[in-house]
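Take a look at this one; I'll ask things after.
Going in written order, the chains are labelled A, B, C and D, and every chain counts its residues from 1.
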Amino acid sequence: MFEDLRDLYQEVILDHGRRPRHGSRLAAFDATARGDNPLCGDRIALWLKYAEGGAIERVGFEAKGCAISIASADLMAETVAGISDEEARQLAAALQALAKTGDAPIVPEPLAERLERLLPLAGVHEFPSRVKCATLPWHALLAALTGRENATSE
Amino acid sequence: MSVGVSVRPFDVARVRADFPILAQKIYGRDLVFLDSAASAQKPRAVIAAMTEAMERQYANVHRGIYWLSERATEAYENARDAAARLLKAYDRSEIVFTRNSTEAINLVAHSYGRGVLRPGQAVVISEMEHHANIVPWQMLRDAHGIDLRVAPITDSGEIDLVSLARLLEDGRVGLVALTHMSNVLGTCTPARRLAALAHAHGAKLLLDGSQAIVHRIVDVQEIDCDFYVFTGHKLYGPTGIGVLWARHELLEQMPPFLGGGDMISSVSFARSEWAAVPHKFEAGTPPIVEAIGLATAIAYVEALGYEAIAAHETTLVDHALSRLSSIPGLRIFGHAQDRGGVVSFALEGAHSHDIATLLDRQGIAVRAGHHCAEPLMQRLGVESTARASFGLYTTKDEIDALAEGIDRVREFFA
Amino acid sequence: MSVGVSVRPFDVARVRADFPILAQKIYGRDLVFLDSAASAQKPRAVIAAMTEAMERQYANVHRGIYWLSERATEAYENARDAAARLLKAYDRSEIVFTRNSTEAINLVAHSYGRGVLRPGQAVVISEMEHHANIVPWQMLRDAHGIDLRVAPITDSGEIDLVSLARLLEDGRVGLVALTHMSNVLGTCTPARRLAALAHAHGAKLLLDGSQAIVHRIVDVQEIDCDFYVFTGHKLYGPTGIGVLWARHELLEQMPPFLGGGDMISSVSFARSEWAAVPHKFEAGTPPIVEAIGLATAIAYVEALGYEAIAAHETTLVDHALSRLSSIPGLRIFGHAQDRGGVVSFALEGAHSHDIATLLDRQGIAVRAGHHCAEPLMQRLGVESTARASFGLYTTKDEIDALAEGIDRVREFFA
Amino acid sequence: MFEDLRDLYQEVILDHGRRPRHGSRLAAFDATARGDNPLCGDRIALWLKYAEGGAIERVGFEAKGCAISIASADLMAETVAGISDEEARQLAAALQALAKTGDAPIVPEPLAERLERLLPLAGVHEFPSRVKCATLPWHALLAALTGRENATSE
């Protein structure tokens, strides 16, 4: 029955959606932002901590949303740990392209492996009304990086 | 079965044959359309009336001294009669055509709100309003110094009448604006009691009938309300048209909302004089073809008969409540005594979006989200719900399909 | 005749075959429809697109997580793209769908007028505006302390640019709101010069393109205006839909107009946050089917090509001016250098209503009255005029029929 | 060609429309009113003078409008001279019915003959967009009788 949904709900997604590893607020953080999807009520708040050298050390989030958005947030937290702001921006842009088109854009070498871990989110491109679920956490990330308070995924 | 003209057997198969879209396949499956509360499908008669209007008697209305324009004007004004008849208005001049319910409420918020209510007076809404009946009043509050009060609902999803009465007590409330049927909980509100309560405290009553008019006979004279709004596209009619009914003397009292052609009696640069009601409130070229479509939708519903419609719907709701409530982990929101064909629910372990996507792949269309009722979501302690809503064409089999579909969703996320 | 892709021969017979209503008989005579400036007839493609939308892919837009709603949303947003393409907008987010031109201008008058202009600033309009571009500014003047200034027109029916410049001189004018083509005189106004003039004095420019968009290619980037409005039903599209284009940064700056669903980002009773543009300005269920119809109308016009349309129209206007001006006692209003397919006239000894009635009995539909431009009537020293206006489907033969019809009217009243 | 228009534009109408007998302002008057048809721009102003006994003595008007409205105004001035306010109201009601339906309602004897002189206006009922042309002067009359200033024929 749901064969064609297996692209969208890959095991990785279901797993991260059900049991996010980074789904909690950071006690100490350097930046924070919220994201809203006004059209469906999804919400996320995230906190970001930098390491000594300036790279992102950790991301934690609290989110209300569907399996896709929670999984995307959790995979985001996983993949941006250890990279610079600039790299995180590139990864966010790549994820947005991936979610919209289904194709992974070419990214500089150090990010390629991280983008690969995000590939399970590619399936969302066939579900226009769900693309925003996948991109919302990344909008919030971008907002945190530029010090803005809110992001919407419209 | 009783015999009599008033009780016609409701033949859902025949009704379904009137709606071309129901023959549509979705991902190779039969369409099970359970989102009529967001917008209903259109019967062939409505589509044909619009086509006919454009193919045979189209012209701009009101000012044309020629055959086509006279025919179009007649058809447009007949649509006003149809709406007046539907609501049992005192007079056709009490019907104002708008774009939708939202614009109708905004019209009242601007024109009655800024033109008649005075700063310091209050407007009362409830916790279960659609954004369309919240945001215009917030804008009025912020622009015009009107106090905005919110009547709570009970845990079963009904207006808390005791609290409402308390909100009215100080006599400062000028307008009570409440839904006649919740688009999330299905609750039908006790319109006559609300009108009596409002009037007893010197307030007017606006009813948002966007949902109610689809399911119940509405008689504004019997209810004794002051404003009533509904939207064409939910009543099996076209998009782009809505209705504001208001008592003639209120419309007289209210300043116009939008300015332009057709709403004036004379224009000079120094000053313009307004046309008589309802034209004062209809600026510019109206939704002519949409009015004609709406009139046909009204005639269609009337021909089926509200009694039969309500009976059919009650059967569906009872069946849905019994089927869905036996699904483990499924929670239904709203348990009002008097309720219409809308059932909202949440499922443990599956977010409403995921439910909707998985049901969609089975051909089943339900809505997921906050249903433009965020404050109600907060009251219910959720971000969103899934919602199945029923129309004339909905069958018990479709509700069974929904229940089976939800079972599959549960398994998928188990 | 030149050879090239850009110059297609304009085949009016083929165009006429696209419009079902033109086969209609009026009092047993062929319909000669010369009232397109009031509202144009609809080609089969538009009617079919609307029917198809309702029969095969209808659902409410924006919030539905299911196939039908995704298709409807896509079609609705594609209509935004079509309007953006038509006007050469910088970005699709600059297109706001309204009910008609009138509502679009009211939106600007409310939102930009009350939200951005400050009391003491001025708005400039002209003597030849449609009421839709007068009354909203009067209401703004009366509610918000805005000064309303009126640019005169010359005797040939063109904007008096010297006087306009003088009105702008003191730098207090925040907005100039002018017609891009007069619905009475046919005058096309010099949009680029107007924009340069307004900007040189720190004012924004709104163009009322209700008529112009039907006859001329419009490029808001090239014109460099700030707001542009038009209405679907005059562009061979459905009633119930209009377009406001505005520069993105202006839309950002402007507070919302109507409140409700779809225009918010979050709602709580304390406060609501607005959605991103253009959604901030589209409250409630939009005219979905009408947007789809409009997109088809735009595609239809684009396929014929504005160059060919303008050439056809110039032929018609020249023919009409020469035929009508040779009728004794007939006076034509408006002699602008640059003019579109609208010819207003008066006839000695016969009032415009009587002309219209007598022409109607010959199957000829013209408009009679003040054309929602009472101040212009005063400027012209008349109460009303008769007006013939031309569309894609108008032929030279029809103009001959008009001229002969007017001759008969003269004889009748002689 | 215009056979069917002869009902609307009877000789009487054309004649009164072209050369109204009462188309001027009264220097001395007891009541006055204006009427507008907002939808087409027709305008009328009328002045009314009473005789000693209280009956209407004379009506004069200035109007901008079509043949029908001028003729209707002129026939009105002719037919209300010499009758009481109450009778004029009855005649106005009868004219309105006549213009809308084409049928002359039954009126009390002394008015019957006056109503007959208005019969040429009956043809307007077949022209829905023109009914207001015929009734506008009578709306203005009613306004003058009740001392109102303006009337619209909507």
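Throughout what follows, a residue touches a chain if its C-beta (ideal position, glycine included) is under 8 Å from a C-beta of that chain, and two chains touch if they have at least 3 such contacts.
Predicted model, so just to flag it, every value in this text is computed and none were measured.
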Connectivity without chain B (remaining chains kept where they are): one piece
Chain pair, C-D or A-C, that carries the greater number of C-beta contacts: C-D
Whole-Å separation of chain centres (CA-atom averages), chain A against chain B: 38
Intercentroid distance (Cα basis), chain C paired with chain A, Å: 46
Distance from chain D to chain A - Cα centre to Cα centre, in angstrom: 77
Contacts with two or more other chains, residues of chain C listed in rising order: 27, 63-66, 69, 262, 264, 266, 353, 357, 368-369, 374
Residues of chain D touching at least two other chains: 39-40, 127, 130
Residue ranges of chain D in contact with chain B within the complex: 36, 38-40, 127-130, 152, 154
Residues on chain C engaged by chain D in the complex (per definition of touch): 27, 349-354, 357-358, 361-362, 368-370, 374, 377, 383-384, 408, 412-413
Chain A partner contacts - residues on chain C that touch it in the complex: 62-66, 69-70, 73-74, 262, 264-266, 273, 275-276, 279
Touching residues (chain side chain B, partner chain C) in the complex: 20-21, 24, 26-27, 31, 33, 35, 38-39, 41-42, 46-47, 50-51, 54-60, 63-69, 99-103, 105-106, 109, 130-132, 134-136, 138-139, 148, 150, 231, 233, 238-241, 256, 258-264, 266-269, 271-272, 283-290, 353, 356-357, 359-360, 364-369, 372, 374-375, 378
Chain D residues within the chain C interface of the complex: 1-2, 4-5, 8-9, 14, 18, 39-43, 64-68, 127, 130, 133
